[in-house]
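Every chain is named by a letter (A, B, C and D) in the order it is written, and numbering of its residues begins at 1.
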Amino acid sequence: MCGIIGVWKNEIGVKNTLYYGLIELQHRGQEANGVAVFDGINFNLVKYKGLVTEKKLEDYPEGILGIGHLRYSTIGKKEILIDRFAQPSILYTVKNGLSLCHNGNIVNYSELEEELKRKGNLFQTDADHEVILHILAEELKNNKTLEEAVNTCMNKLEGAYSVIGITGNNELFAFRDRYGIHPLVYGMNENSFIIASETPALIKNNVRKYFSVKPGELIIIKDWSIKKKQIVKATPKQCMFEFVYFSRPDSVIDGKSVREARFNLGKNMALEYSLKNRIEPKSIDYDFISPVPDTSRTAAEGINEITGLPIREALIKNRYIPRTFIMPKDRSKAVKSKLSIMKDVIFNKKILFVDDSIVRGNTSKTIIEMVKEAKPKKIGLWITCPKIIAPCYYGIDMRNYNEFVAFEKNVEEIKEYIGVDELFYASRDCLKKSLGLEDICESCLTNKYFTPLAKEKAKEQMKWLNAVKKII
Amino acid sequence: MCGIIGVWKNEIGVKNTLYYGLIELQHRGQEANGVAVFDGINFNLVKYKGLVTEKKLEDYPEGILGIGHLRYSTIGKKEILIDRFAQPSILYTVKNGLSLCHNGNIVNYSELEEELKRKGNLFQTDADHEVILHILAEELKNNKTLEEAVNTCMNKLEGAYSVIGITGNNELFAFRDRYGIHPLVYGMNENSFIIASETPALIKNNVRKYFSVKPGELIIIKDWSIKKKQIVKATPKQCMFEFVYFSRPDSVIDGKSVREARFNLGKNMALEYSLKNRIEPKSIDYDFISPVPDTSRTAAEGINEITGLPIREALIKNRYIPRTFIMPKDRSKAVKSKLSIMKDVIFNKKILFVDDSIVRGNTSKTIIEMVKEAKPKKIGLWITCPKIIAPCYYGIDMRNYNEFVAFEKNVEEIKEYIGVDELFYASRDCLKKSLGLEDICESCLTNKYFTPLAKEKAKEQMKWLNAVKKII
Amino acid sequence: MCGIIGVWKNEIGVKNTLYYGLIELQHRGQEANGVAVFDGINFNLVKYKGLVTEKKLEDYPEGILGIGHLRYSTIGKKEILIDRFAQPSILYTVKNGLSLCHNGNIVNYSELEEELKRKGNLFQTDADHEVILHILAEELKNNKTLEEAVNTCMNKLEGAYSVIGITGNNELFAFRDRYGIHPLVYGMNENSFIIASETPALIKNNVRKYFSVKPGELIIIKDWSIKKKQIVKATPKQCMFEFVYFSRPDSVIDGKSVREARFNLGKNMALEYSLKNRIEPKSIDYDFISPVPDTSRTAAEGINEITGLPIREALIKNRYIPRTFIMPKDRSKAVKSKLSIMKDVIFNKKILFVDDSIVRGNTSKTIIEMVKEAKPKKIGLWITCPKIIAPCYYGIDMRNYNEFVAFEKNVEEIKEYIGVDELFYASRDCLKKSLGLEDICESCLTNKYFTPLAKEKAKEQMKWLNAVKKII
Amino acid sequence: MCGIIGVWKNEIGVKNTLYYGLIELQHRGQEANGVAVFDGINFNLVKYKGLVTEKKLEDYPEGILGIGHLRYSTIGKKEILIDRFAQPSILYTVKNGLSLCHNGNIVNYSELEEELKRKGNLFQTDADHEVILHILAEELKNNKTLEEAVNTCMNKLEGAYSVIGITGNNELFAFRDRYGIHPLVYGMNENSFIIASETPALIKNNVRKYFSVKPGELIIIKDWSIKKKQIVKATPKQCMFEFVYFSRPDSVIDGKSVREARFNLGKNMALEYSLKNRIEPKSIDYDFISPVPDTSRTAAEGINEITGLPIREALIKNRYIPRTFIMPKDRSKAVKSKLSIMKDVIFNKKILFVDDSIVRGNTSKTIIEMVKEAKPKKIGLWITCPKIIAPCYYGIDMRNYNEFVAFEKNVEEIKEYIGVDELFYASRDCLKKSLGLEDICESCLTNKYFTPLAKEKAKEQMKWLNAVKKII
């Protein structure tokens, strides 16, 4: 996952918008931030480690067009190797330069990279945006239009990609894979045009009205005009994890409010639970709901809507521990966690915890251990995301079957592992109904992939896993 | 306001506890952090700007005794002047050294400082902990015991002080003013003794059972023994703002849970409102309660308890903007704020916002302006802290009568100023009942001070203000 | 000008050699340092601003092959734009990667870059090493051998280039333009093979015996073997400025000691002066010689050898002002300079200053002004480099005709400008004799260029200058 | 050793002078730099690690009076402990504050500190300037004048001290011990008054005419007036090491040029050598003189003056290795050194090396080892400072008898140890004659001390050493 932004302005001065816009997208990536601008003559590029607010506005270059990127990924962690992975990158073709960054994951990245290399293309990073950059640049130097170039590109790429780019021809452009897996929105204020991963980056820059780049669509901004073109047919499959966990609650993805989706999740889970347990929603046997901060607060509100169970927060988060701060390994579990418990809320109570998702299960397990020290009467745990059982090849950092607690454990076993009295997952139906979307990307829930290479890769991973199992 | 910690350990190695303890107290001060340790031979001292997590464990000195301090105060803001204000300080007397830091405010600081200077004492900082340091050191070098020294000290100091110190005689000690204005707690784990501003710093360091240093009490830890002594008679007057705003909700102050106090505040406000408006609590005319993040969430839960109004969060905070990050002046109001609104929650709804307190009123005004853009039907605002109308001389950063929006405005006028449809403050009775304390420090609410010099200073400020008014 | 180094080692661990080697080459470039290594699987790259000693050994990546680069150039000065200009760069081709850095200047850089772009190559920097990288990578992916690739490359490149590179095929290689304009040396110690710009980087890494990469030669190190191949016919034209100013005095370039060259320059200038002025060397009318620190000390020794005039240093340099430290513009001339004068040495004396070269003349002028404050009786100035009148297209940062004080001023006029009583330049004959080289690159002295494009560019610059002159 | 500066200005703006002045004094201390200013109302203080040029002008506070300090000392090396040792310090007395810094060493520091502590004074650092600060502040608060206070102070202090201070009463003052051990000079430019350790700090700040603070003298600058007062009788004993090694060659100490002193040393050594060896100065059997850079260049010129032996530099220094850069221990001797040799100068030659002094002998030994690799015919080594055999209690960092190579070795033995063919020290007579001073501080040469406590301490050290020897 990453956050991206692009700005066109009718005069010099995009860095302010880039800087404050990236701050609004910071939740999408905290490891590195990079900005490429075109100042009418030159492209300039900077890449920094850490949070945007650790740098000053002056540390960014100025231009008339610019793009920015926040890096999240966990590969290439070695502190010193920012040049090998961070975005954006720039390529200079015969007449013009081109720079772009993307959010997502190209499934056939290695295949395309090898093909390009065989054809003679020369690469500079180990990051997948460079494949997109090369394909586009190849087309452009062959005198193709940007539209034609993007067409070629979209027909080659398999996977999830929300791309924002700029050219030395004064164009700002953006396109999104045919599935619209990750969000990409745009809008205007009085003197500039802004494209970003999420709507808050637009709103904080005074954009009143915003739109989505449609799945399969390309938009090009040049001078004061905007050109939109449906490049490939859209077959929407938005990433359900953007709604469930990743995006900000005040974001609107393809016209759907993230906040509303989460609220609905809470409501529908409560209804589903009642139905399943043949019990009136108002009679569900808990004293209160306690969201695991911060994401699941809205779902808790939805549960409250149906069940009437009050919300009482039993956990609090230390706001001053940055995501990248490493707690030493030898310290007690309690200290390892960035959460604290409120003992008097917990003691002798039947508590329904709500969390957005369980991946490995470690965090949940630790939280429950902490909670138990305060002697609750009963602990329930509702998870708004159905069981994650398969890797994501489309941009979420979940890579291997055997890292999921739900991979070969059933709900009963997970319940035991985590140590709660009751564990309840939202169903896939519940999820879809809550998002109000029929076709979502839920491969990590189903282990079924809708693109050919992803299918194949999943099969291979599984085969290998089985082989390993036999040996051990 | 500041955060303080002190550690005694039965072997070398206090810095770990100091470091992770200070992280838990970070909300009490973000401008600077300082640590003084005694390693059996030497005292060592470091002071750094910014957050504790910006430094590594290795940046702190190691010792067998140590104290740490987090600075909050807003005077001496000039970045480069850390040496003039930050704590702790060390003094070396004839046989031993002495280092201490404190949380609070010495009302007669200038008077004592001048007296000491006249007697010949020489000062090194502009911070009030140095007066305490000098008084103690003076007594110690005259062969007084630490008890006698603290006795002299407490009889001289007027104001609020929670003090933690160490001596070259291998003692860790702490004492608290007779009013117990600010909190001070302690406890043990398997190999160390820890004193801190708030209980979470103890708990994260594996302290299971904790106690308060009582108002007027001194505790001394040496070797494996702890000595407690009531130095002056306790006349408790705990700072109500610690409960209302400043402390963490998982803190326990003098046996009272901060979380519970806030929850009670919500409950009692709801009851008071019903009574005042002769309306059933369940009939209060709002669609939902929305806490202003993060402090007022617990009060919102209390209101929910009585009124049944659901909690629906309409505001969210950007977690990645550090408190010290300066937003540029020329940016629009919306961007200036670290908050965002959730439009679909607000639209056409009757919303009851809850906030902990109003000081200047600017923040509330800006939030309400942002909220109105999303067209709510009705906006109410409940404030859990009664009207603040007078300066604090006991350690909260509220200094002048004319900075308070409530100073010469009645509730109706403040309502107009902020732009809400209804504004309701908790009463002082409500506050006391909620805290479960009869005698609290509420001078900022009453303009009545319980120490002589504070009385006088308030009178003088008021006189001057009136004089100014006549001229203008 | 730049400094470069390359290391092959029979086990992991090149970074130590790279780091300490670059420190020995620091005089060749202080603006940025970069290192690329291959660890057997991946290439890793870092680039930093400033001096090598500002970074720790740990800040460099580790590998079994590596190259390092020190950047000197003055374009792209904007602090934040390190990514646009600094070296090395890496390209990944079909099977392997390739990384290289170079010292020199490719005259037909723009032409080759455009040709490559037209063919479809995509560029990532504005630095000329990337053209070399592309040409080589293109050949390699077409299954050419490294030898064949370098052959193609050398036949395309016009200009000065000393190149060091590494491949993912575990090769360390280096080649030097047919003129051998800038130095490139190599040698072995017990477990590694090292190539560098200058011999001190070898010697400090325990290399006892060293060799030059010959003009037009390629060397390839793989496993324990070294392969040498004369790719193009050598027509040596070593840069005289390397001897006169740029290289360290303890360097040996193509078997010629820099120290000896400078010493000879002093000797031959003294003889030339005597002859020209029909005066015995021992009767030259000065009290003493004073070198302008630090480069011209050796030449002063040479003058002393012939004339017997003693060396008395009248100028000293502040060692603690880094090259990149910017003195404020509004300070007096005396402070602007990093030099100080020794008044009692100067007063009432006839002083013969020796300096290596005059480019703009500003520094000399300022020094002489400072010296005059101490009231000398007579000031002479001998310059060991003949009059610089034309731009360098081969790697020295002298770009425009009109920046040279000697461009349209004769010696008499320069003397007046600088303010000395006597000004004497070494002749070109003197220079050649001193270096012991018949064919040197002295285009900046003659305005005659030995490569076609340089000729053309010089002509165009001159034409433009004349056009401008007519207008003004 | 340290460097100090003080500035009075007739308007706000001393930081510029402090900053650029300290840069000129940087050779006197590279570990830390500190500045205290008075802005008419407040004192402000900053202390930084490292070189002045690592900080920007903006990092210093501004004022109308200010002092600056460069720390050299090697105690308290632990990086993080700047607060415990660095200068200046500030004390606030009843009406005013006082800040000062000093260069030198107070022999009875511990005794005075204990006396003060017993009297009740409280200390904040482990640095000896604080004793001076306390004594002065004590007197001032007792309504003594600054003159009277300094009088008391000078009668108490034993040792070497050049002090510069400022008061909240708008005074800049300076005083120097009765022996004038370390230098202290002052002068004016058009709008300010400057006091500093050495003259270059004045000259670079446009001071044309400068004076010495006389041994035993106090000067006070206030408004536009300067008051001078001989506080105690002067008995000059200037530190010979300031002339021989520590000060810049362009400094003038008490009217004596450092450059001239070193030149004389060279001359007189040559004469002494001739006499001793009954040989004509022009027949001394060496091919040339090679100074060990950078200090001994001037002495080499003096030797040349008498012997006619030419100067040929065989050693060069890497300018880019900062003094504080730590070379790793496991690297070969050659790399450990910051020096390089010029092989072709050395081979088969009889070389007379000149160095300023030998303390431990390690550096000389390493240099000679390096030189021998280039196979010289004969190596001589002349040392301009007589044999150092005893500790310095007056401010030079030489503390223990057994650290000196000359402590129990005679010249013959030292010669063997270092590995030269001939070793010749300047005699003490030669030294005095060269400095043109009859009474110098040469206790480190004679093991005779002229102050009572130093005598005693030396005796005790020696006694202890003998005791240890018996045991071993």
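As a working rule, a residue touches a chain if its C-beta (ideal position, glycine included) is under 8 Å from a C-beta of that chain, and two chains touch if they have at least 3 such contacts.
These figures come from a predicted structure and were not determined experimentally.
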Chain whose Cα centroid lies at the greatest distance from that of chain C: B
Chain centre separation in whole Å, for chain C relative to chain B (CA means): 62
Computed distance of Cα centres, chain D from chain C, in Å: 38
Two or more partner chains touched - positions in chain D: none
Graph class of chain-chain contacts, one of line, ring, star, complete, other: ring
Chain A to chain B touching residues, read off their complex: 20, 23-24, 26-27, 30, 51-53, 57, 200, 203-206, 248-250, 257, 259-260, 294, 297-298, 301, 304-305, 310-313, 316, 318-322, 325, 328, 331-332, 334-335, 340-345
Complex interface listing, chain C residues touching chain A: 42-47, 59-61, 78, 80-81, 83-84, 89-95, 113-114, 117-118, 120-124, 126, 133-134, 137-138, 141-142
